[in-house]
Structures are given as C-alpha cells and as structure tokens.
Amino acid sequence: MDKKAVDKHSGADFPIGKLTILLAVLQEHEWRKAIEQQLTEGGYRFTIGRVGAMDLIKVVAAIETAAKNNQIIDGESYREVHAIYHAIIEAIQSVGRGVVQFGDILRTVGLTFSIVRGKMSGAVNHEGEWIGVCVYGTIGAPKKGFEHEAIGFGFNHI
Amino acid sequence: MDKKAVDKHSGADFPIGKLTILLAVLQEHEWRKAIEQQLTEGGYRFTIGRVGAMDLIKVVAAIETAAKNNQIIDGESYREVHAIYHAIIEAIQSVGRGVVQFGDILRTVGLTFSIVRGKMSGAVNHEGEWIGVCVYGTIGAPKKGFEHEAIGFGFNHI
Amino acid sequence: MDKKAVDKHSGADFPIGKLTILLAVLQEHEWRKAIEQQLTEGGYRFTIGRVGAMDLIKVVAAIETAAKNNQIIDGESYREVHAIYHAIIEAIQSVGRGVVQFGDILRTVGLTFSIVRGKMSGAVNHEGEWIGVCVYGTIGAPKKGFEHEAIGFGFNHI
Amino acid sequence: MDKKAVDKHSGADFPIGKLTILLAVLQEHEWRKAIEQQLTEGGYRFTIGRVGAMDLIKVVAAIETAAKNNQIIDGESYREVHAIYHAIIEAIQSVGRGVVQFGDILRTVGLTFSIVRGKMSGAVNHEGEWIGVCVYGTIGAPKKGFEHEAIGFGFNHI
Amino acid sequence: MDKKAVDKHSGADFPIGKLTILLAVLQEHEWRKAIEQQLTEGGYRFTIGRVGAMDLIKVVAAIETAAKNNQIIDGESYREVHAIYHAIIEAIQSVGRGVVQFGDILRTVGLTFSIVRGKMSGAVNHEGEWIGVCVYGTIGAPKKGFEHEAIGFGFNHI
Amino acid sequence: MDKKAVDKHSGADFPIGKLTILLAVLQEHEWRKAIEQQLTEGGYRFTIGRVGAMDLIKVVAAIETAAKNNQIIDGESYREVHAIYHAIIEAIQSVGRGVVQFGDILRTVGLTFSIVRGKMSGAVNHEGEWIGVCVYGTIGAPKKGFEHEAIGFGFNHI
C-alpha cells in the first residue's frame, strides 16, 4: 500500500490518541497497515502486545516491559517509567469502569495493548512528547462465550 | 462502495464492541462507511451524536435521548432505559479513569458518542440482544490546545 | 399460615426489593414464612444461602452457584449470568461502603445472601423480569465481638 | 398488640443493625410496631424520616437534622456529629453502589431513613453506644415507574 | 532542650493533626524532640513505627498492633479498635490517592507511621479524645530510585 | 537565621516531598524559615497560598493560578499544566480519603496549599524536574469547632 493509497483511505491524519486506540482495536485487520504507516511517517515510537490475564500486576508488568524492550521508553529513567506507569493505570481503570477493584474475579482470554509515543498535534506549541496506552479485549468469566469487550485508554506527558 | 469493496477492506466481521468503538472514533473518516455498512447488513440498530459539555447530566441525557429518538431503545420500557443507563454510566466511568468525580472541573470541546444494539456474535447460543455505548473526545481545561483524547465504552444486555 | 393470616400480617404486598432484603435479614425469624409465602404466591423464584468469608471471589462464586443450582438463572445463558453478576457486584459494593477494596482485611463470621427473580410491580407495563441480590451479615476483624452488621443490595433486569 | 404477641412474632431479639434496617424498610407495615416496641424496651433512641431528593447535601442535612431534633445525638457535641456524619456517608455510599458520584443524575420519589442509637448486644463487654443509619427508597429517572429499590446502611461508635 | 527553648521554637502549640503529621514526617530530624515534648506535655499518648511493605493487611495490622502494644488504644475494646481501624483506612486511602486498589503493584522500601491520641484543642467544649494516624514514606516500583514520597492522614473520635 | 543555624536545626536535607509537606503544615511557625532557606538554596521554585472553600473547581483553580502567577509553571505549556493538574487532583483525592465525591457537603475555613518544583534527590540520575502539591487544612461542617485537620499530597514529573 503506497503513500497515495493511504492518503485516499485516511483522508486526514489521526491524532495520537486515535492512532493508539486503532492500533489496539484493529489488530490483524487490513486497516492496521495504514495506521502503522501513519505512525512511522509521523515519527512515533509504537508497539503492540498481548497479555493473557486480567491480573493487575501482570498486565502492568507486561505493558511496561514491552515499552522498555521496544525502546518506547528508557527503562533507566524514573521520569519515563513514572509517566507510562500512570498512563497504564489510567487505561486499566478505564477498562474496569468503576469495578476494577474486582479484578480478582474477572478473567480474560486475551487483552491486546498498544503503546504510542510522540508529538500531540493539537497541543499548544507542539511542545514535547506524550505517551498513550490502549488496552482492548474481552472481560468476563473464565468460560468461553461468557465475556464481552472492553477498552481502556490512558495518556500522559513524557 | 459495494459489498465486495467492504469485504476487501474489512477482511473479517468486527464484533459489536469494535463496531461501536470504531463508529465513535472514525467519525468523518472514510472507513466509517464500511463500519456503517457492516452494521446495517448485520441487522444492528445504531446512531452517533455529539454533546458539547462534560456535564454528567447532559451527557447522560444526550445519549439517552439520541437512543430513544433513533429507535435504538424503546423509551417506554424501563428495562431498556435501565440497560442503556448502566451502559452509559460505564462508558462515562471509563472516560473518567478514576477521576470522573471531578467532572465539574473537566471541560470538553466535543464528545462524540455511538450507540449500537444487536446480537453479540461471540456469546453462547447467540441469544438475545446487547447494547454498546462508546464516548470519544477530548477532555481538558476550557482552553484550546489544553486538552487530550479520552475514550470510554460501556456494554449491557438488553 | 393461610392466605388470610398473611394478609393480616403484611397488610399490603411488598415490592421485589423489600422481599429480597427481608429474606436475607429475617433469616430464621418467624416473619420469614410470610415473606416466603408472598414470594411463592407472587410467582417469584428465590433462594437463600450462606458464605463464610468476605473473599470477593468466593462470595461472587457462592451466590452465582446458588442461583444456578436453584434454577434462579439459567447458567447456560450469558445474558442471565451477566445480569446476576452485575447485581452481585452492586450488592458487594453496597456492603463495602466505599472501602470494598480493602476486602482483604475484612473478615466475617457469616454472610447471608438472598436471590429473588420475578416481576417488578411498580415498573411501567409490568414488563419482563428482574433480579435482586441481598447480602447481610457482620463484617470486622477475625475476632468474636469485633465486628458489626452490614447490608448490600443489587438489582438488575434479566 | 401486646407484649406477648410481640414475643410470639419476633421470637428472638434483633441486633441493632437489623432493627435499623427493618425500621426503614417496614415503614407503615404492621410489623413495624413490634420493631418499635423492641427498640423502646431495649432502651434505644430512634427516629424515622423521609427526604424527597437524592441531592447529597439535602439527604445528609435531613438525616442530621432529624437526629438532632429527636435527641438521637447532641448537636452541640462535635464527637456525636462526627460519628453520625460518617454513618450517613457510609449509608449513602452503600445506596450508591459505586456510582454515588453520579448522584446528580439520580432522582428519587421518596427516600425513607431510620436512625437508631444504643447498645450493640454482640460487642465485647457491651461497652458504650453505637449509631446506625439506614436509607431505603427508590432510585431512578425522574419519571414514575422508571426507578427501582435501593438500600444503604452505615454504622459507627458514638 | 528545655521548655523555654521549645516555646521559642514552636511559638504556638500545634493542633493534634499537625503533631501526628510532623511526628511521621520529621522522623530522626532534631525538630522531632520538640514535637515529642509538646505531645508529652499535652498529655497525648503517641508512638511511631515502621512497616516495610505496602501490603494492605500488613500495614493495617502493623499500625493496629503498635497502637495496642504502646497502650494508645485498649485492644479489648471494640469501640477503640473500630475507631483506629477507620483512621488507618482513611490514612491508607489518602496515601493511595485514588489508586489504592492497585496496592498489589506498589512497593515501598519504608513506610513510617505515627499514632497520636488525645484532646482536640479546637473542638467545641474540648470534649473527649480523638485519634490521628499518619503514614509517610516512598511508594513506587520495587527498584531503588524508582519511587517517590506519599503521605496519608486519618482521624477519628475515640 | 544564617546557614549554620539552619544546619543545626535541619541536620540533614529534606527531600522535595517533605519540603512541600512542611511548607504547607508549618505555615507561620518559625521552622518555616529553615524550610524556605533550604528550598532557596536547593534551587527549588515554590509558593504557598490559601483558599477558603472546599469547592473542587475553586481549589484546583486557586492552586493552578498560584503556580502560574509565581512562575512555578509555564501557563502557556500544556505539558506543565497537565503535570500540575494531576498533582493537584492527587492531593485533593488524598485529602478526601475516599469520600472526596462528597465535596459538596464539606466546608472548610481555610485550606493552605504549597507548590514546590525542582530536583528529586533520590531519583536515578537526578534527571529532570518534579512538582509536588500539598494541601493542609480543616474540613468539616460550616460551623466553628465542627471540623478537623486533613492533608493531601500529590506528585508528578514535569
């Protein structure tokens, strides 16, 4: 898919939050190529990953590790770890919709997360970088067909 | 865009949650046509709307009214009103990421919401209907450029 | 106790929520017979049970299992499982009074729960069925005499 | 209804929490007489009242005022005001089931509250007094038939 | 440091809350002597302690045990245990700043707590005693340098 | 008070969080001079202020305005506004101890806040700047003597 085709599809550029959300939601869908192309051309650092449990410690650790291993953040900088940590917590609280404290009783067969770091086009002066974390998947009882979709998104300056 | 073109674009069918999320996120983007086509062909009832304030009463009222006016729910049935009410609350709690109680101090220049009602393909026995509500927009101080994106999604049986 | 006696005692019929609450609170008290009679005559499905720990997973599992084993809900229907799940979560959040997240440090020597399913007399058009879950018991430190009473009630359409 | 009849009905004494809950729930039901008799004989101070709105300030104020006017608490003692304040907040959080922050969008056509102060029979050494607050009523949209029951209970040492 | 020196340093007496906060925050700092002197002269009962984990059960148990062992409260009185329990919960919720439910993923290398019991000078009629609990320390990832300070304070009548 | 006197008083340097907390708590106490001297010598930017209401919008606005007017943050930078906003929200949630949503019913006769920006000595590589916000005051009913102390602290990278 060349640049022209992408333009034709996307019309206008997506802001960083939409790019993060679409990266997590589209997964293996064909449209994801256009999202990744826009991310690459826009100079964003990004990655996607999966985590198989709703255990809060594991979800946070999996996202944080993916961010470090893919050079989205500098794992030796507490500022960057602090920034992504709060973005992850926001995303998980968003997924939990007020009952996140019951995480123990929720199971999931597959949570996909995306992490995107870069400029926020709409911000004043286009200053500095921001980081977005999106978590999408199904939440429910540990039984096939007894779960439904949920999404969470967190955002922070970095 | 004919059926074939949609197939080429979408590859596989999206589940009801993704359709709801993409409807709110894509907005005027060209891809929305494919989403609407899939919704129509899948027998879903759906609508999108906008609300200009983060005032909780107004957001809930705007979404509920849109659902009634577009025949997504039967406004004379308390069961249906109860079902969408909890889906809306979930979506707003999800947008708020744990600080929704500070709604008073958050402003927004535009919140887009989508409502989708229909079958959940993944559920056991494909029984009954479900309703999804997605809210997407920017949240922040009442000053241009001092806001960032947020998304919330709620889901319920109806 | 015949119909007349019940009438004399109850004066008027209780709505579904009161029936659920009284079933959990009255326990072995003589008045419970009148409540059960009213539930039976009103065509409600109901059960009561006990769970000995404030461990959230166990409380949810115990109530859900009791609902399935007593044919209050159809365990093969995700819609019904989803409906009771949210009613249970509401009841537990209600018991927790804002500190439910500290469930780990709360112990209980006996939590009684009731589940009632049926018509809601006050609802418009008397349409469809609803499910109520009430949890009543003592919460406190794991030491006799260092606990006090608490109650929670959740309600949903089914 | 004489003492004997009460004994026959109640069988055993209810603890302070049950008395508070039953006082709010039974309302005009005949059984309430037996509850009030047990409260009087047990040396409890108690009252019931009603408040027509879910506005948090008004609910708290109505309960606090009723407690003062009926000599349940000494309005000139900050300790007693502090004790009932936290019991009221617990009761309201319990009613709200995790969404109390949306109080603005909830309406009610009638909330009944009960306040009971006295000994807790189960506590070690039967020392000191405790206060219970129960709130029972219907919560929902401001439209007849579009609401359902809810209950909350708070408890504190005084 | 004699009484005069303290007066010169402190100027005016601190209220009970400030004394509790300063006791936890100052730790080994020289000023602590003046705080302890003021506490002793004011007839307060107090203690400080440390707990090495953010595990909620352990933090609550450590503070409660310290209060009993140092005769701040009477461990045989449920009223006193109930009073300090709620003060501890308030302090921990305050430390958690809305994400306390994620306690599982927070680690700490050292949490200092203080407990102070005595008169509240500002209260009407100077009646009865109150108890303050302050928790101060660093919260973060289990890695040196990846944590920052946090403080929590709870208060109750006793 | 010369450098030597400060050393004698403070013994060791306080970290940024303690400085922020002590600035808000000490207020007009003589020790504050030593805190301000340490802040100045450490190259911190700081300010203190007061706000007379527990109205959330006004508290957030007062702290944010003070930060801008005293050049603690650059009001034209969304990153800096975003950083202090989350620190303020954390401080207020910390003050509220789980009942901040009832802000409407809480009154205060005086909330003192401090804002400190600068290096965090304990962080890895001593990189970048951080911002701390502390809120200290009395919370209670709008009646003299019917309130008690509370404190909240928020912290963020900037």
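Descriptive notes on the structure:
Read from first to last, the chains carry the letters A, B, C, D, E and F; within each, the first residue is number 1.
Basically, a contact is a pair of C-beta atoms (placed from the backbone, for glycine too) under 8 Å apart; a residue touches a chain by one contact, two chains touch by 3 or more.
On a predicted model such as this, the values are computed, not experimentally measured, just so you know.
For the touching copies subunit B and subunit C, the fraction of interface residue numbers used by both exceeds half; the interface is of the same-residue type. When every chain is reduced to the mean of its CA atoms, the largest separation from subunit B belongs to E.
To overlay subunit B on subunit E by their CA atoms, one rotates by 180 degrees, a value rounded to a multiple of 5. Subunit A and subunit C have Cα centroids separated by 39 Å.
Annotation for subunit A: residues 78, 82, 89, 93, 98-99, 101, 120, 123-124, 145-146, 148 touch two or more other chains.
Interface of subunit A with subunit B (complex): residues 8-12, 14-18, 21-22, 25, 28-31, 89-91, 93-95, 97-98, 120, 122-124, 130, 132, 136, 138, 144-155. Residues 76-79, 82-83, 86, 123-125, 127-128, 156-157 of subunit F are the ones that touch subunit A when the two sit in their complex. On the side of subunit C, the complex with subunit A involves touching residues 56-57, 60-61, 78, 81-82, 85, 89, 92-93, 100-101. Of all residues in subunit D, only 99, 101-102, 104-105, 140-141, 145-146, 148 touch subunit B in the complex they form.
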